[in-house]
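When the chains are written out, they are named A, B, C and D in that same order, and each has its own residue count from 1.
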């Protein structure tokens, strides 16, 4: 963790400016009939989970260029996640990936307590072969043509639930790479039947208070078809399995031009929105930092979420899922967590009574202007003040850099070389 | 109709070549263990419906450049459709569009009998305002915020069913342009609730042996959101309404890169594939001639349909839906009907037992090669022989041109000027 | 024009709030080392041209739903444009479309003077057939296979220049719909040779101080290929023709996912960026209101423009080009002009010295944060104060609605019915 | 190499059928006025280069699942390439990738002679860091902000030319991963200036009879911008550098929906088409087997190439570039080489005089039908007969499987484990 003196020193330089900005924004919002303190209170309660794998440097099939001080294991990763939460106060939980993070539950719990974090959804991995694995996932996992391979994937998922139950997790997220690279390689229908049958076996072991989140993705690693290719198929899965099965939406897993906020609305309407993987993308599943490419799209997603907040049963899980290839992962995750908070704060500012009136009278121009009024508001002072009041940093990146955390951990954590893809 | 002497004269020039090609193909297929006569018999029974509006020259928002001899009304259109079926023997039915084609049932039936056609699905129109209309569809129809406007749209759809029932139709296809052009213009959830409520009123009046086909489309005429934007929403509609409600798939209504054959498989698997609008596209809903841009994609769709044929309950409706901007619509529709037949014939040639074996053993290369073996076979002699034996033309376009049909109808049908869009 | 009392009354209600917001923003910017007055001065000088056709209600190939008080001719259109400029003070010029707006130069000049506007680029129309036209553009215009048709299109473009020269225009924008709907319909190379040859004839008549702007577009109205399909072909045209030929970038004319700001940078670097058609899009050439779908993308374009501002020869033309299907066109154009100004103001706030430093040291996170600092700033008080000081409205939409301008012109301008497409 | 007895035994089983099919096709083509022997002769002379890296199993950022008998080095790879050419007689050359394939020239030449191959274009690699490398390419190579890094990349490219000159290569292909992941990370203009400057240093060392091929790609591994993002930028590079610089087109490197055959035509028209990387894709740069997803698109590319063949200066290089994740790479490369040949043969069948006539008279339907007549013809007997006559296999995949080559090399080549990405 970072020495609190460092944070306080950094905050001391910025606090006057923040207070001036916060006061000005408060006065402005007051003129719009909005109580800044109420918004700040909601923002302060908001949190988004960090994926454990996100604190390592990402890569592409062509290359990976590691940074210094790469975490060696889940305990290093939890240290890094702890720093992110310490500075942003916005990331109270971590989502584990098994088998990468498989360690005794007691050790995980103890480390989590040490760094002030809890555990979010468990993630299984049947898209890679592990050294000790009997059956290969080269041609699929839960939907493989071979029953023994499917069974192996089922058991792995059940093991994830069992570990999760010991560390306070309440959800399992299943993403599979199953699909095909050639027309005809698989029979779409039989493949999906096998997937449903295997996934039902996992579902049947789920504790009562758990949720099974299935994740759709248009393509990659399969390049002709993917077994859970879109929200339509994802919805069918959730319908077939039962009430504890819900859909997870990763913002980067859709076809070009798709209206994602509308998918969020549809899944919400039919009780099947289970959670998010936040990130941003310009081309495919680019896994870029959340809000870095199209911040208005992120806002429109949160507009749907705030719209649905009044329903007490509506409680989707929020997680970041990004690949940090050219930045310090800790910095990217801090900035991304703040972007998610920002979109939430902006959506909270929307005058929903006015919006509904414009919608009912088909005043398209004023309806969209009403949304824009929320989006355009610079809510940074609200986010910063919420952080400050919770003991975090006014400017987390500046405080982090001042702390020299990366340099310090680099002394303990050995340098690693990039895995050359050898693939074009 | 075209004088049969013209057809026979045209066929006389081509028959020797056809017989040679047919014999050679028969011998080739025999070496592959396939009985050409059995394939030809299936092809001969296949038919695709013509959309009544397809025989007029299409256009874009920028301009429409009419051809000569444009049909003046549904009776002219039925004449044109009759010619298409006479020459191709592949288009036994016509799909009407109301109110464009609204005429007394007796007159429609009598004309249809005269030209040897029947009536396929009815199509309602709530995406345009008609001169005598009380409420405008500018801001929607079945999902409009105003109850009276929704009711007007419901009544129009019911009127379509009533007319259809008198002319032997068994289905209503609903496509609406409802959506929005701005974020915030509509509340996605309330809009969809209104749509479901109104459409259920239509559904409730459906005769027992009818099907309600709803059609999804990603965008256009609405450019930010569309109420039935994809197959996921379309599936929800069919699920909500009941067993007589099924989904219609227009090949041009999807996001870029989407795997359409997989959507066909999913809807088939869950009993909700109701029918097709065949066409082709390179960019958006281009409504180009079927198979003109990506003939292999069309084949892959038919691969799914042939795969499902063994199920006796599987009987989706097949219709062309194209916009002919630079060709004689009769020619384009004839060629397109033959392209659909071609894809069907190619799919029939696939060795399904071998394919299943390759799929089960994950032999991706041989599986896809097995599909390609069907696609690569030049089945033109089968199609042509089936036409010849049913009294059609070996080469419908050549026979049509020889008939001078277009020049003849142009004498009766007045020239029309292009509607300048005035829109950029 | 709108009575200035109406504007003053509307401003009176909003001025206190504006002054408070402006003062607060000034203080905030001062803390960031930015002089708000300098930004405001630049914003006040900025103007974007209105397309004459933009003040009429747009439509799609399916339908057009006109509003009330549609302008009957260019003189009505200039009245509407005058109102837009009066209220926003941001749209000093109008871009004419010939033959729609063809009127005696003296009448145009006199009306423009009356409403306080000048004339921007001329636009020719060879994508529609006019009633009195000898040769049809159904199969192309400047690239048509027939020499006489090409010559007709050349003469029309020259006539546009001649009229433009009399009304103070300094540019001709050529957009053609030429292309093809089927593979093989045209020979790409010969078609482009014909286009270049014909366009060179137009170029050769250009006055010395004029610019020829050619506009690329991926598709529509042609749906398989378009003769000027992208910036690569557009660049070739400008290179082949000469120094007075430059490229026009319409934000909606690109393939999905394309990085448009990068195209802007490339054309700028090689001296070939001639101008813009601003609008926004989610799917294709949707012609939605500028900044309504992806305001950050608009900002990134302006980031390039501000980056290039220091070059005194850099002076691209700025024009809106939108289709207003569900809003009052005057309102949409006012809001869009303000969105363009907003993006410009936000881009002016970017700390370019800091940005360059982060770029040189590959500090990707701080580089992008530096851009975001500009984008996130709510510059509305700057825009509003600039308007107020120039005699415009603090809130142009509110003032416009208060003026009842639309209702008043509807008394003189007869209601028109929507052109039903008859096209599916 | 494979024992010729195996090939002959396999051919013996298939030769009667081939002769019957070839005779039937010859008779059919004769009825169309085409001499089958002339087509076969052209096909027999056609060759496409194999990328050395293509014979290893590919992977994605998520995982790589190796097959058995993976080649250990360039000498193993040349063995595999030799087998491909032996069986298909269509792949006479190999394209090396440096440093992966860097070995003494004498050893390379001797091995190539042994397996009957020559060397095609050299490929440099500045998208990965090599163990002994001074400067990292994490933030770019030829366009890096740091001069020493750019120089290192320049030297590496020059070394590739020097090795290539000793092994008979006549071209260097440069593909860089340089770009950015965040708006603002790089200055587009300065980055491109650096790229041009560095690449010019490579160009200046090029022997007189060499070609420099630069390759554009929309995205990946950079996910916001890529320095050579499209053919427009690629064209600028070739124009800036000089006559020996030309553009390489990889079929998978374009935006969704882009008309690639038109880009081929444009580059051909302006003398800048240098070569191809053939593959296929459904979503992004999927690197699937050539012709496996959209065989008609491949045909349309070859339609342009055959159109340009009459120009004696037109001689672009042809290479496969694929990633084989789920098939035996040798099988995929054989099938892909045959697909390229197939598209070439089909394009040769097009009646170009008739096509030109239909184009000139705007008979779109007959023009596109004329193309389709070429595409629909099943040219497999021509390809197979050409192989047979040159000593290859009638059915290369069947002969290869019969040879048990993979099992045999697996005895010498050790099993390798999949590189787990560790990246989501």
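Assume contacts are C-beta pairs under 8 Å (C-beta built on N, C-alpha and C of every residue); 3 or more make two chains touch, one makes a residue touch a chain.
Which chain is which protein? Per UniProt: A, B, C, D = L-rhamnose catabolism isomerase.
Just so you know, these numbers come straight off a predicted model, no measurement behind them.
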(request) Would you mind telling me which chain pair, B-D or B-C, is linked by more contacting C-beta pairs? (result) B-C
(message) Taking each chain's centre as the mean of its CA atoms, which one is most distant from chain D?
(response) C
(request) Using mean C-alpha positions as chain centres, tell me how far chain C is from chain D in Å, no decimals. (result) 42
(request) Calculate how many whole Å lie between the centre of chain B and the centre of chain C, each centre taken as the average of the chain's C-alpha atoms. (result) 39
(request) Would you mind listing the residues of chain A that make contact with two or more other chains? (result) 138-139, 180-183, 185, 218-219, 224, 256-257, 259, 282-283, 289, 292-293, 296, 326-327, 362, 364-365, 368
(request) Provide the residue numbers of chain D that touch chain B in the complex, in ascending order. (result) 17, 20-21, 24, 27-28, 31, 256-257, 259, 282-283, 289, 292-297, 326-328, 331-332, 335, 362, 364-366, 368-369, 372, 375-378, 380, 397
(message) Under the stated contact criterion, what part of chain B meets chain C in this complex?
(response) 51, 53, 56, 58-65, 97, 100, 127-131, 136-139, 175, 177, 180-183, 185, 218-221, 223-224, 256, 281-284, 286-289, 292-293, 321, 323, 325-327, 417-424
(request) Please name which positions on chain D make contact with chain C in the complex. (result) 138-139, 145, 180-190, 192-193, 218-219, 224-225, 229-233, 235-236, 254-259, 261-263, 265-266, 268-270, 296, 300, 303-304, 307, 355-356, 358-362, 364-365, 367-368, 370-371
